[in-house]
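Heads up, there are several structures right after this.
There are two complexes below, and they share chain A, which is joined by chain B in the first and by chain C in the second.
Moving on, here comes the complex of A and B:
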């Protein structure tokens, strides 16, 4: 059956109006926390809990309109948190691309005995909640002497990734087998076939994996909280936590920090959006 | 010394044997075509020669060397795939250069060999294009370029023209034949299209259900098919088959009564076959002629196809057996008419109940 993908075709004006009204309302509800965060980051501290609530960014009309931003950037070590997060997230994302591309390729293309059982085991790990594994993980990291280093946040990403493995297995599986056969006849080794033929073709999926892993690691709070103690190793989520303590909370600084921490994700997504979409669609469509 | 020798090759997938005892020897520089219907095992056999699949039993020699179990690169073969298998992320130049880069040849040598291949295949102005920017024919040439640049002992082609439209396929057939004349390298070509096989091959291997039915020149297969299957598969339009009973066996040939009670004679060796045996008579459509004397087969015309140089007539005998005749020139016939088709006994093929041909006494000198 053919599905009409154009909502305006065959739809009355009234229905269309209602449809847009619902969508706009939904968009506003979704965006409200972000708008509130942005507005609060441009407020004086005393205006945050003013009643009735106000959307006026009061600080913008003072001598220091970007005061909250300059304060966290210059006086609150936010540059260090930002740098740490960028490093950890980048390395962990690279690790995910590395591990899942090799695993996904092996599961999709190599003739290995029992590979489907192994793949099922990898998938099962995706259904185990992090709270279950975090204590053993902590004990392992402590045993390795890696506490208060970035290693517990980076190294596991080089070893396993159920979602990425699944996605890349599907992606590699959808690419024609003839490419590999042609390269094999021409003298390529199995690794050369992976490296020179299939990996470049999986670029959209690899970019998707990178972006997802980067975002997950950028937002990660639990692991850095457990594994990092020193102030100079703190990541952005830990840094944001430091603005809220038992007795006081610097809400305007927290919001300014949150805005800054969101920016890299938005930029990365905008730059890679095309690949991410291809990555998700490409895996499911045989060409 | 044979360029390629297969000795009792079999291939099984689990309990299913898909190739049965295939033995053949290909001479150096020959253009060999494996032809047969879908699922006959021709592509499997090609993949075994390439080293992409292993045979279950049997030996394989290339240029006199036993290559069973060796990697494709050690066999000195290059292969062109049905899908072309061009790497979409690489330019035409890089696609052709791919095998040379794997061999880590020096850059100037890679350049000169790619340029030479591109020159041969008329691809000089396309070297910096990506495969997606090329037409079907150009993609095919790039795939061939990637094979010839390696200067292999043996070229393998797996249905390389099947993705092209009819006119391009005709043009590429000529190009491939010219390429073979130029390179003089042994080529093994797989197709299900008997026209490709007949027009390009020095010799043809006809496979059916994993069995080698016949290995011979196109004219041998056409004029002296060894089995009913080969007779039916080779030739366009296909051979007519009439069920009949042997009524006479003489020194010069046989006579047989068809199911529509026409007595036909054939100049074949009927020794070992007795009167009353069930046979099938095979008559090529172009060996049938209109008989003004109203002799031969009586046919009710069903469809007429006028091709200009010839007229194809489809009809039925009285008992319903379908008959096709390829008549010279423009023949004015209409559906519904009844005509008589005369048959020269020299052109009639006879097959026994097992589908084996009785040797012809008067086949053209091949």
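Moving on, here comes the complex of A and C:
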């Protein structure tokens, strides 16, 4: 519910002005790294180390305004990193929707002795820091011979996800029981009730789980760092970091790469803002 | 009777991925890691049982002490900083103005964008001579601004600052959701009684928001112990370990030095500290959290 009554604001024009001043100032701080990233990505390399720093995107006025982008995209193989990240994030997001819709539904709607214990275990173990589990996880992946493949980045997502399971358990639990009962009377199997009746109703929750999982996996650095070695398998964050060590001073290229790696997330966020915010607020946790 | 069995079998099939995943990627690693913490094991050698040796080593190592202090320092900046800022922003945005949606979107943006990419932008902003920050400081008349990422005194606060910048929008969204459940007539009544804005904030907003605040406090505390990407891309823990926090130290020991046993022991101490902090907060919860 929106309200016009504000806890700490009077009604005067002056306070409104002050409010806007503060908000705009902080918005500038928030957006400055993005602005600076964008400006630098459209600069000529020789203009980067000019003092005082300028906000003029000099490259835009040359005959190849997108030169930094085409260079990093084709000559430095950024297209490969981009494809890898898109593939891994997409598969992992599908995996999360798969695993958590099944689990969330079973926890909410199907009877199985001990399922509440199982649910508690899923939640409690999610609070164990990744640092504790990552070493054995690495050893397991090495034992399976999965190092330097995409499998360690995808397969776990098809198995378990505390955040999505929690969210979907709530969601399925809030849907009326009558729908399932009616379908049961008509002779539907438990699977059909899930697939035909409840799953379509959970679409908004599934979208937010998909998007949040996609964003998280796109952003992931630790696991790609541990599990991938070959250049042709690197994901975007890993590729960006390898550029840092190779061309430390090529800030124009690095910032072009950063813009490319940020853009998909901004677009996805804008398209699905409602679902994402709902998901974050409802689930409260990321990951 | 038959349908009951059918339901159970379906439930078992539905939960099979979760059970396997829980076992292979949670329970077994948690136990394995604990066992590993009693071994001296460089990944290519044979493991050697050392009992509490790793733990003893951690408690006597000056490097580990430095890392613990860094972690405490980081949390001391990050937790109050991000919560206070999130609270201010949430209160400012909870006003029904149409433009609030724009600001809310803008403040949330850092949270969902690629961490490595934005951290690299920050790295460039922090750059001593050519960076935006120091040139801005110079412009407003600050002499000899710090070298930030290259300065042992400023590297850790810089990492904390970027972390706050990245996460504050998320906490703000959670607090906004809490604010919108507060009954507006409470403010009307207080206004009629002549309460000043500051009084209204501390006597109504904070108590009514205390459940959301507690939730955000726990989240911020957990996150403050787990910073990795930003450290990796901003300072790589340097200079001279000045910005190495516990989570990053675990990573370095496990996957740079390959001291698996030592790293596992560190990770368990980290888990223990985090558990203790969380429990402490739950213990003090009733002192300030307002239940309906």
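Here is the rule we go by: the second predicted complex is superposed on the first by the 258 of 287 C-alpha atoms of A that agree within 3 Å, B and C clash if a C-alpha of one lies under 4 Å from a C-alpha of the other, contacts with A are read in each partner's own complex, and residues count from 1 in each chain.
What we mean here is this: contacts are C-beta pairs under 8 Å (C-beta built on N, C-alpha and C of every residue); 3 or more make two chains touch, one makes a residue touch a chain.
Everything numeric here is computed off the predicted structure, so don't read it as measured data.
Asks: For the combined arrangement obtained by superposing on chain A, do chain B and chain C clash, or do they fit?
Replies: fit
Asks: Give the label of whichever partner, chain B or chain C, reaches more residues of chain A.
Replies: C
Asks: Would you sort A:255 into first (chain B), second (chain C), both or neither based on which partner it touches?
Replies: Second partner only, chain C.
Asks: Going by the contact rule set out at the top, does A:13 touch chain B (first), chain C (second), both, or neither?
Replies: In the superposition, A:13 contacts neither chain B nor chain C.
Asks: Which angle, as a multiple of 10 degrees, do chain B and chain C span at the CA centre of chain A?
Replies: Computed from the C-alpha centres, it is 100 degrees.
Asks: Per the contact definition in the header, classify A:188: touching chain B only (first), chain C only (second), both, or neither.
Replies: first
Asks: On the A-aligned overlay, A:23 touches which partner chain: chain B = first, chain C = second, or both, or neither?
Replies: A:23: touches chain C, not chain B.
Asks: So, does A:46 touch the first partner chain B, the second partner chain C, both, or neither?
Replies: A:46 contacts neither chain B nor chain C.
Asks: Could you grab the smallest C-alpha gap between chain B and chain C in the overlay, to the nearest Å?
Replies: Superposition on chain A places chain B and chain C at a least C-alpha distance of 5 Å.
Asks: Would you mind listing the overlap between the chain B footprint and the chain C footprint on chain A?
Replies: 184
Asks: Please output the residues of chain A touching chain B within their complex, sorted ascending.
Replies: Touch residues, chain A against chain B: 176, 178-179, 181-188, 192, 196-197, 200-201, 203.
Asks: Quick check: in the complex, which residue numbers of chain C touch chain A?
Replies: So the residues of chain C in touch with chain A come to 3-4, 6-8, 10-12, 14-15, 17-22, 24-30, 32-33, 36, 89, 91-96, 99, 103, 105-110, 112-118, 120-122, 124-125, 129-132, 135, 138-139, 165, 169-170, 173-174, 177, 180-182, 184, 187-188, 197-198, 200-201, 204-205, 215, 219, 222, 225-226, 228-229, 232-233, 246-247, 250-251, 254-255, 260, 263-264, 266-268, 270-271, 274.
Asks: Provide the residue numbers of chain A that touch chain C in the complex, in ascending order.
Replies: Its residues touching chain C are 1-10, 19-20, 22-23, 26-27, 29-34, 36-37, 40, 48-49, 51-53, 98-99, 102-103, 105-107, 110-112, 115, 118, 121-122, 125-140, 156, 158-160, 165, 184, 189-191, 194, 215, 218-219, 221-222, 225-226, 236-237, 240-241, 244, 251, 254-255, 257-259, 261-262, 265-266, 269, 273, 276-277, 280-281, 284-286.
Asks: For the complex, give me every residue of chain B touching chain A.
Replies: 50-52, 71-73, 77-79, 81-83, 85, 87-89, 98-99, 102-103, 146, 150
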